[in-house]
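Each of the two complexes below includes chain A, the first together with chain B, the second together with chain C.
Coming up: the complex of A and B.
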C-alpha cells in the first residue's frame, strides 16, 4: 500500500505552528510547575489554614505517583486580606506559575485582583462567597461550592435524613457567627429556606460574635425557645462553646445540624468535648470514602502528617489537594507555564477521578465547578463519618441524639 | 419564662464579670504604680491559660489549684522582666513603651502558636459540664468556682496593699513618687514587685479563664482590649474600679445579648466605655489627674 502525502498550505502552516510550539512542550516536559499555595496558617483562620496546609504537604507524593511534577511554595496569608494581596504579588514575582488558595473569601478576592492583573491562573480551593465567580475574572476558577449551594445542599440533606430516619422536627433555631462567612450563610438561608419547603417552623435566627468568650447567653436564649432542631453555622472554637453551654444548661435538642459550615469536624472539637462531640451532623462537600484517589491520598496524607487524622482533615486537605491536581493536570496538557495558555488548559479541565464527592471536575463559563456534591456527615466515636447519600455512606445516621448525660 | 431568661443571663453576667475583673486588676495595678501600660496584658493571660492547660494535661492538676504556682511563677517573671526590660523604659516616652510591649506581645503570640499550634486547648475537668439547678436558674459550677477564686485573689491583693508595709510603700510610690524616693523607699524594687504582682494576677486569671473558655494564641489581643475597656471604665489605677468595671462589662454584655442581639454584646461594652469617657473621663472610681 502506498501512501501519498500531499503538502498543502494548511499542513505547512500546521507544521510550522508545531515547530514553534514543540520547544515549549519539550521545555515544559523538563520543567516543573511552580505553585504558590496561599493559606492563612497563622491568625484567626490558622486552624483551618493549617489543616489545608497538611493537604498541600501530602500533595507532591500523590501527584508524583500520577506523573505530575510540581514545586510548591508555601505562603502564609496571616488571616489578613492585605497580606494575602501582597504575598500573591510576591509569589508571582518569585516565579510561581499558578496560585491556589485561600480559604477565606475576602483573601481570595484580594488575591484574584493580583492574578487577574498579572495574568496568572488562580485555582480557588476553599471560598464560598458567590461574587468570586460573578465578577468576570478570567484567570480564576473555583473548585468549591458557593454559599448558596452549601445551604441548598445542606437543607436538602436535612430533608433526606428526616425521611431516612422517619423523624419530624417541629421547631428550629438557626444560630450563626456574624463574620463574613456566617453572614453570607444567613443571607443564603433567608433566600433559600422559604423555597425548600421543609416542614419545620424556623422560629428564630440568632447571630453571635465568634470572638465571644462563651455562648452561654445565646444558649440560654435558645433554651427558652426550646427547639428540637438547632441549625448552626460555626467555626471550630465557637462550636465547642456552643455544645459546652448546651450541656451545662441541660438543653437537649433532637438534633444539631449544620447546613454547611466548619466547626464540628476539627480535631480541637473532638479533643475538647470527647464523647459530647458525637452525633452532631453537618452537610458539606466531603472526601469520597469510596474513591480510589481518596484512598491513595489518605496514604500520602498519613505519610506526610503522621500525627494527624485524615478523617478529620479530609475536607480541608481534600480541597487543597484538588487545587494542586487541577493546576498540575492543566500544566501537563498545556505544556507551558505561560499564564494565558495555562489558564485555557485550567478552564478545559475534565477530571473524572478525584478526591471529593461529586462528578468530574469541570468548570463552567464563569469558572465555577458545578459538579461538587455534598454529604451528610455525622461524628461517630469521634470520627466524622459519611451517613448520606447512600451511595457514598459508610454508616447509618443516628437520630434523635442520645442524651448528653451518660455518654462514654 | 421571661423573668427566668433574664435571671439566668444576669447570673452568668455577674459570674463572668468577676473573672473579667480579676484579669483587668493586673493591668490596673501596674499602671497605677509604675505608670506603664502593659500592652502585652492579654498575651500574658493566654500564657497563663496554656500553663494551666499543660499542668492539667501533664500532671492532672486542677487549674483552681495550679493557679497558685502559676501566679508565683508569673510574679517571678514579672519581677525579672521589670528589672531587666521594662525599667529602662519607665521614664521614656509612651510611644517607646508601647513599641516595646507590643513587640513583646507579638513574640508571645507567635511563640504560643509555634509551641501549641492554632487549635483551641481546654482543660476538661471532671465537673466541666456540671451545673446547679436552682428553681428556673441554671448555674455552671466552674463559673461559680472561677468567680469565687477571682474574688479571693482580689481580696488577697487588697489586703496586701492595705495591711502590709510593702503594700503601703507601693501605694506611697503610686501617690507621690518623689516623696517616696525622698523618704528612702527603693522605688526600683517596689516597681519590680508591683509588676510581679500585676503579672501574678494575670497568671491567676489565665488559669481561671481556661476553665471557662479555650486557650488559643489569637484570643490574646481580645483579652488586652477587654482589660483596657474594663480599666478605663473602672478608672485607671483603681483596683476596686477594675472589679466594678469587670462586673459592669459582664452584666452589660449579658443583658445586651438578650435585649438587643447576641452579636451586639461587644458593642454594649464599647458603648459603656464611650458613655463613661464622655461623662466621667477619669473612670467610675478613678481620680482626676
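Coming up: the complex of A and C.
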C-alpha cells in the first residue's frame, strides 16, 4: 500500500513556526523566571503588605508542584511611592523579568511608569484605582477589582443575603473612615447606591477619623437613628473600636456588613474582640474554599508560614499568589523572558483553575481581569467563612446577629 | 536684587580652588547621565528634587526663622494645578507653572497673614502650617473635579516632549538639576539682598530688627510667599514625574517632614546645606536598602530604616549645626562665606 503525504502551504508554515518557537520553549524549560515582588512591608501599609508577602513566600512551592520554575526577589516599598519607583528600576537592573505588586494604587502607578518605559510586564495583584487600567499602559495587567466593583459587588451581596435569609433591613447607616480609602469608598457608594436599588432606606452617612481614641460619638449617633443595618468601611483598629463602642452602648443592629473593606478579617480584630468578632459580614473577593488550587495553596501557605492562619490571610495572600501564577504561566507559554513577548503571553492568559473566587483569569483589552468574583464572608468562631454565593459557600449565613451578651 | 549680578559677585569672591571644584562637580553632573543607568538617574532626580524643596524651605526657616511643617501643601497645590491645566485644558506645564506659583503664593500669603498679623509664632505657627496642609488634603479628598480621594492622573504618553514634561528619567534628571541650580542662585541672590539681611535680622531677634526699622511683618511675608512659589514649581515637576496625585500622599505631613530633612542635616540657613543634605540622605536610604539585602541575602523590612535613623542620629551628634558648617571649617572657608 502506498502512503502519500501531502504537504500543504499551511502545514509548511506551521512546521516553520514550530521550528522557530521550539528552541525558545526548550530554552524556557531550562530557564527560571525572575519575579520582583514589590510590597509595602514596612510603613503605613505594612500590615497588608506583610500579609501579601506571606502568600509570596508560599508561592514557589506550589508553583514548583505545578511545573513552573520561578525565582522571587522580595522588595519592600516602605509604603513610599519614591521608594517603589526607584526599587522597581533596581529590580529590573538586577534582572527581574516581571514585577508584581504593589497594594497601594499610588505605588502601583509609580512602578507602572518604570515597567512601561523598560517594557517589562507588571502584574498588579492588589490596587483598586480604576485609572490604573484606563491610562493606556501596555505592560500592565490587573488581577483585582476596581474600587467601584468592590462596592457594587458588596451591595449586591447584601441583596443576596436578604433573599437567602428572607430578612428585611428597613433603615441603614453608612459609617466610613475619612482617610483616602474610606473617602473613595464613600464616593463610590454615593454613585452606586441609587443604581443598585436595594429596598433599604439609607438614613445617614457618617465619616470618622480612624485615629480617634474611640468611636463613642459616632456610635451614639447611630444608636439614636436605630438602624437595623450598619454598613461600614473600616481599617483594623477602628473596626475594633466600633464593635467595642456598640457593645458598651448596648446597640444591637440586625447586621453589620462591610461592602468591601479590610478590618473585620485582620488577626488583631479576632485577638482583641474574641467572640465579639463573630457574625460581622464583609463582601470582598475571597479565596475559593472549594477550589483544588486553593486547598493546595493553603498547604503550601501553612508550610511557609506556620505561625499564621491562611483563613485570615487568604484575601491578600491569594491575590499575591495569583500574580505569581499569572507571570509563571505566561513565561511557560511564551518560552522567553523577552519583555514584549512575555507581555503578549500575559495578556493571553486563560487560567480556569486558580485560587480566588470567580471565572478564569483572563484580561480584557485594557489589561483588567473582568472575571473576579466577590463573596460574602462571615466571622464564625473567629474564622472568616464564605457564606455566599451558594456554589462556593461552606456555611449558612447567621442573621440576624445573636446578641452581644452571652457569647462564648 | 539681580541674580546674575549676585552670581557674578559670588564667582568673583569665591576662592579659586572652590570654584574649580564646583565647576568640576557641575560638569560631572552634566555628563553623568552618559554613564548612569536608569535606577541611578531616578535616585539623582530625587536628590535634586529634595535639594530644591529643601532650599525653598530653608528660606523660611533657615533665613527667616519661621518653622513650617506643612510645605507639602505647596507641592500639592503646584502639582494639582499643573496636572489639572494639562489634563483638562491642554495647557503645558511650562505655562501652568505661572498659575501654580500664583496660587501657592496666595495660600502662603494667607497663612503668613494669619500667623504674623495675629502674632502666632514658633510651634503655633508650625501648627498653623500643618492645619492648612491637612485642610487641603481633606478638601482635595472630597473634590470630585480632581478625582477626590481616588486620585488624579496624568495620561501617559510614549511621545517625548520636554516642554510638556513628557519623557523618561533622563529628561527629569536635567529638569531637576536645572531646578536645583536655579534655586541655589536665587537663594544666594536673596540672601545677599536687602531682604535677605532683613530675614537674618528677624531670625536672630525680631524685636531688635523692628527697632532697627525693619518691617518684620513684610520680611516674614516675603519669606513665606517666595518659599511657597519655589516649592510649587517643584510640585509641578514632581506631578509630571509620577503622573498621579493622591491627596493622602501629596499633602501628607510625612511628606513635609521628608522635605525638611535635607536642609536640617546639611545645615540650616546655609546655601550648600540643602544640597549637601539631599546628597547625603537620598543615597544613604538607597544604599542601606541594597546593603541590608547584600548582607542578609534578602530584604528585611524596616531594618534599613532603623539604620537610617541611627545614621541621622550620628550625623546630628557629630555635626549639630549641619554637615556643611562642619565641612566648611574643614575646607578652611572663612566664616560668613559659603
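In the analysis below, the second predicted complex is superposed on the first by the 381 of 408 C-alpha atoms of A that agree within 3 Å, B and C clash if a C-alpha of one lies under 4 Å from a C-alpha of the other, contacts with A are read in each partner's own complex, and residues count from 1 in each chain.
The criterion applied here is as follows: a contact is a pair of C-beta atoms (placed from the backbone, for glycine too) under 8 Å apart; a residue touches a chain by one contact, two chains touch by 3 or more.
Computed from a prediction, not measured in an experiment: that's the story for all the values here.
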Which of chain B and chain C A:71 touches, first, second, both or neither: neither
Touching partner for A:250 - first (chain B), second (chain C), both, neither: first
Which of chain B and chain C A:81 touches, first, second, both or neither: second
Chain B versus chain C as contact partner of A:353, first or second or both or neither: neither
Which of chain B and chain C A:206 touches, first, second, both or neither: first
Partner chain(s) touched by A:220 [first = chain B, second = chain C, both, neither]: first
First, second, both or neither for A:236, with chain B first and chain C second: first
Contacts of A:163 with chain B and chain C, given as first, second, both or neither: neither
Touched partner set for A:42, first chain B, second chain C, both or neither: both
Doubly contacted residues of chain A, that is, touched by chain B and again by chain C: 42, 46, 49-50, 178
Interface residues, chain C side, partner chain A - complex: 37-39, 42-43, 46, 138, 141-142, 144, 147-151, 153, 155-156, 168-169, 242-244, 246-249, 285-286, 289-290, 298-299, 301-302, 305
Complex contacts: residues of chain A adjacent to chain C: 41-42, 46, 49-50, 74-76, 78, 81-83, 85-87, 89-90, 92-93, 105-106, 109-110, 112-114, 116-118, 129-131, 134-137, 147, 178-184, 187
Residues on chain B engaged by chain A in the complex (per definition of touch): 1-2, 4-5, 8-9, 12-13, 16, 110, 113, 117-122, 124, 128-131, 133, 138, 140, 143, 209, 212-214, 216-219, 222, 253-254, 257-258, 261-263, 265-266
Chain B contact footprint on chain A (complex, rising order): 42-44, 46-47, 49-50, 178, 206-209, 211-218, 220-221, 224, 236-237, 240-241, 244, 247-250, 266-268, 271-272, 274, 276, 404
